[in-house]
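By letter and in written order, the chains are A, B, C and D; residue numbering begins at 1 in each of them.
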């Protein structure tokens, strides 16, 4: 047999990876195939499934379709030492860094708020060493890491990263492909301890539907060891069974189902409500300092009893209806950061 | 760098594979991004895109959602020397073998009609050497070959085939995975020359929707160099744009769009019409001999001017309505082969 | 002894009783599907049926004759793709698989590709289909097949789907902890010796003797000191089977082979 | 000279004129999206806009501020996933990509990760995001960025996304025939020498001189013998930009940097 060549290896630590045989054992022993009611409160879901030091990943993309009620609950329960996938993780990651919950990041797109500018809190903490960037990736690399995991594989090949420092700071490898004879990157699987995914609707067992683009949640839900679903609404299972082709996440992947209308606020929920740019601007302004950051969390996380109170505080039904109108292109957005 | 080990290689020929860089060049030069009307007759689609000696793959699964109007047209135009992917290809492959169009097969599940028994025509021709089985695969292996191609990759890893004669007669390889240190199969991509996919509806540009399971058509449409879509109905592009999450095949993958209601007959079209078991039984009975096979084609392919005449011949609207009732569980199926 | 029930019915009933509740099972049409339906109705109401073409946990309005037809996703919790369900199996989500076979060897490896030489076969069979995938990726595989000396052979004409290979299944790279679990024939049920991974009689069906096993096997098969017996189909089981397959389409066919 | 239009508007208009009709383009929000929209409106009506989060060919009701928000699949021909669009790009279906950068080197490699040392950065930037993917997989990449001596550097603080690497892009395994195509700054447009793969002035914007290029570049940049000039934004272009971005949200922001 001809020897295959391993050409290069990233120097970054292999985080979130495990032997697919170990993941299979986890699935066998911990993921029930039984259809049982998994509805619970955000408080219960976080205290049950998210522990200090875990590797977490959040669904959606940037400020779009993010489970903010779970993010705030992580802050409230003062979970520490988390590692988070920076898979165009923006507001969610920034809030958890600002709160001191996330201490390590696998960076894809992180520490920025797209057009809104860089994240004051994340920049401060990364630059002063409080938060450690473990590895660098691209967006495609991170989602293919989840896809490899979803497929029960140790890696997926890809034609990216070669020749760059992004590769050097990753844990990918480059081989000489035995079919083409050309260099090919192998992207290691990533099996997060917990994925937190906000969806349009789910039944009590966790069968979930998402409207519009899936980003990488189709894969992430299978990659993670535990999946917390938050849903804009709980629907009867009959509705799932009426259109089974609309199921994006089947129940046996899911460990907790939390019903929370407007659960993505201040982020966008496609077709339902737009970004609350005023709130995001307030957050970005306050998190410029440590004091302001404390003020933000005191007001919006510690100062409210639950997400309903939070929704009242950020403007209540009037604000939410306005965000709905903007989302549905019936009203012009406002960009206070412009 | 540690040398990687190439542990084993299948002895089968590497069919349908090309360097992903060559496929990229094909895509650059031959797949237009322009939205142009691609509707044409089955006759035109076949004469334009299917040439002697090509590698073809048919969508759907077994006797389900198969583009029979194109299959019959291939017979009618007497295309020869085709290689076909036996990806649970059943009736389509058997008809093309019986007619002498397909001469080589990459076998996954082939030469059988599931519960209906083995294919008389295919068995005869494989056993007497008229048809050559090039390679052996499993169903998952073949669809991952298409998935690798769809992703623009030379291969996908998988944990199947190891240790078997199926592997030996494939063109897969086994390496020592650099992450786990365990043997891992590499499934080479497969880029068919033409894929023929029957769908529920499409617009004139080729944006296509499929109801129910996708089998492997989501991947196959991207893997093939040319894609012929046949559709139960053509719909306005507005309907596609109203629900873009229902698009399974976007227009820029598609080269021809043929509108043909009941185009899957005698195969099943999910939610629309059931298998025509009487017709399949007639086919299976006639193809027991070469004479019977000729008779079948004389009657149902050469003896009709188009697919409409064929539909009349197999029982017309009354038969089709009956198959609809069976499909929609309003009437009991008949199984003449039972 | 075959007055009240056929051999196929006996096999299906025994298979149904082996399945566990709250587990998932990859099924093909015919006997495996009937066994899964029977189990779901009588013994394992929460059994999750998965079809290789993409249907997951349907409410079957009648017995599908193809694993890709629409009844396989009728009222399902998900209608997805082959990649999705095969990936689920590869990631460890599918507990049981059912396989049929033309030949089996002492390690539970099976042949569904050719009888005779591969280049110029005496009988060309359909090939692996999903069998190699099911046999590689599910946690426990159950083989349902007719037993005779030409089918229970020391060396297969073609090794389509892995059992324990030569006892080295895991070293070959197949997922750890997987492999053939039971073989069910018209004569009895077989398991695999924990150490040698070779086939071993687990139980005889009513009316059969150890000599029948030996007379229908071309290799040395392990026979335990104490012989256990399976229960024949109960009236309740037979009634349910009749309900699912009133015309004997699925079982009648198998009997003729 | 910047009375009627801003530098950002000039850059967007030049970018829009570079795109070809009947081609596909990967866009991020901000300047790239405005350039694509402007091109679609005036020059390349059949330009196919692709967003990395999954939206393909939408009918934009307004300018999205995130590449994942719902307007990116409003009236689209497909609303799919990141895997799908990245796979399309990997298979050669995406013709153009747009990239921004904090630093660029003579080979068109770019940095969007850190200024200073990676371990303890002076400025931590967002990282690659989709940039490494776009820069690796699209056929032709266009970089839009501000030019000065700290940004046009001989050696990047961090090589986030490949240009021509050291001229060995293809040998490194990146898809054949791909690479940076143009760099557009406030001063001019740059291309890459066919042989050396090093950056070369293609055209200056109105009002700029070769000395401005040299004063704002920290490496030897190739200057052709004959200098070409770009056309400044036309009134028609500026009107269309105003229509798309009436409040200057997307361009105003860029100007402030």
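The working rule: a contact is a pair of C-beta atoms (placed from the backbone, for glycine too) under 8 Å apart; a residue touches a chain by one contact, two chains touch by 3 or more.
Please read all numbers here as calculations on a predicted model, not as lab measurements.
Among the remaining chains, those touching chain A as well as chain D are B.
Taking B-D and B-C together, the pair of chains sharing more C-beta contacts is B-C.
Taking each chain's centre as the mean of its C-alpha atoms, chain C lies 58 Å from chain D.
The mean-CA centres of chain A and chain B are about 38 angstrom from one another, to the nearest whole unit. Here the CA centre of chain B is 41 Å from the CA centre of chain D. Per-chain CA centroids place chain B at a distance of 27 Å from chain C.
For chain B, the set of residues touching two or more other chains reads 20-21, 152-153, 158-159, 182, 184, 212-213, 245. Shared contact sites, meaning residues of chain D that touch two or more other chains, fall at 55, 73, 79-80, 90, 137, 175. Arrangement of the chains shown, judged by which pairs touch: an irregular graph that fits none of the line, ring, star or complete shapes. Here the chains touching each other pair up as A-B, A-C, A-D, B-C, B-D. Touching chain B in their complex are the following residues of chain A: 1-9, 14, 17, 19-21, 152-159, 173, 175, 177-180, 182, 184, 186, 188, 211-213, 244-245. On the side of chain A, the complex with chain C involves touching residues 20-21, 23-28, 31-35, 149-153, 207, 222, 237, 240-242, 244-245, 247, 250-252.
By the touch criterion given at the top, residues 22-24, 46, 48, 55-59, 73, 75-80, 87-93, 95, 137, 139, 175-177 of chain C touch chain A in their complex. Looking at the complex, you find that chain C touches chain B at residues 29-30, 52-55, 61-62, 65-74, 79-83, 86, 90, 109, 113, 118, 120-133, 136-137, 156, 158-162, 165, 168-169, 171-175, 247-250, 252-253.
Residues of chain B that touch chain C in their complex: 60-65, 86, 88, 107-112, 114-118, 122-123, 126-127, 129, 133, 136-141, 143-144, 147, 158-166, 169, 174, 182-185, 212-216, 218-219, 268, 270-271, 274-275, 327, 329, 332-333, 335, 338.
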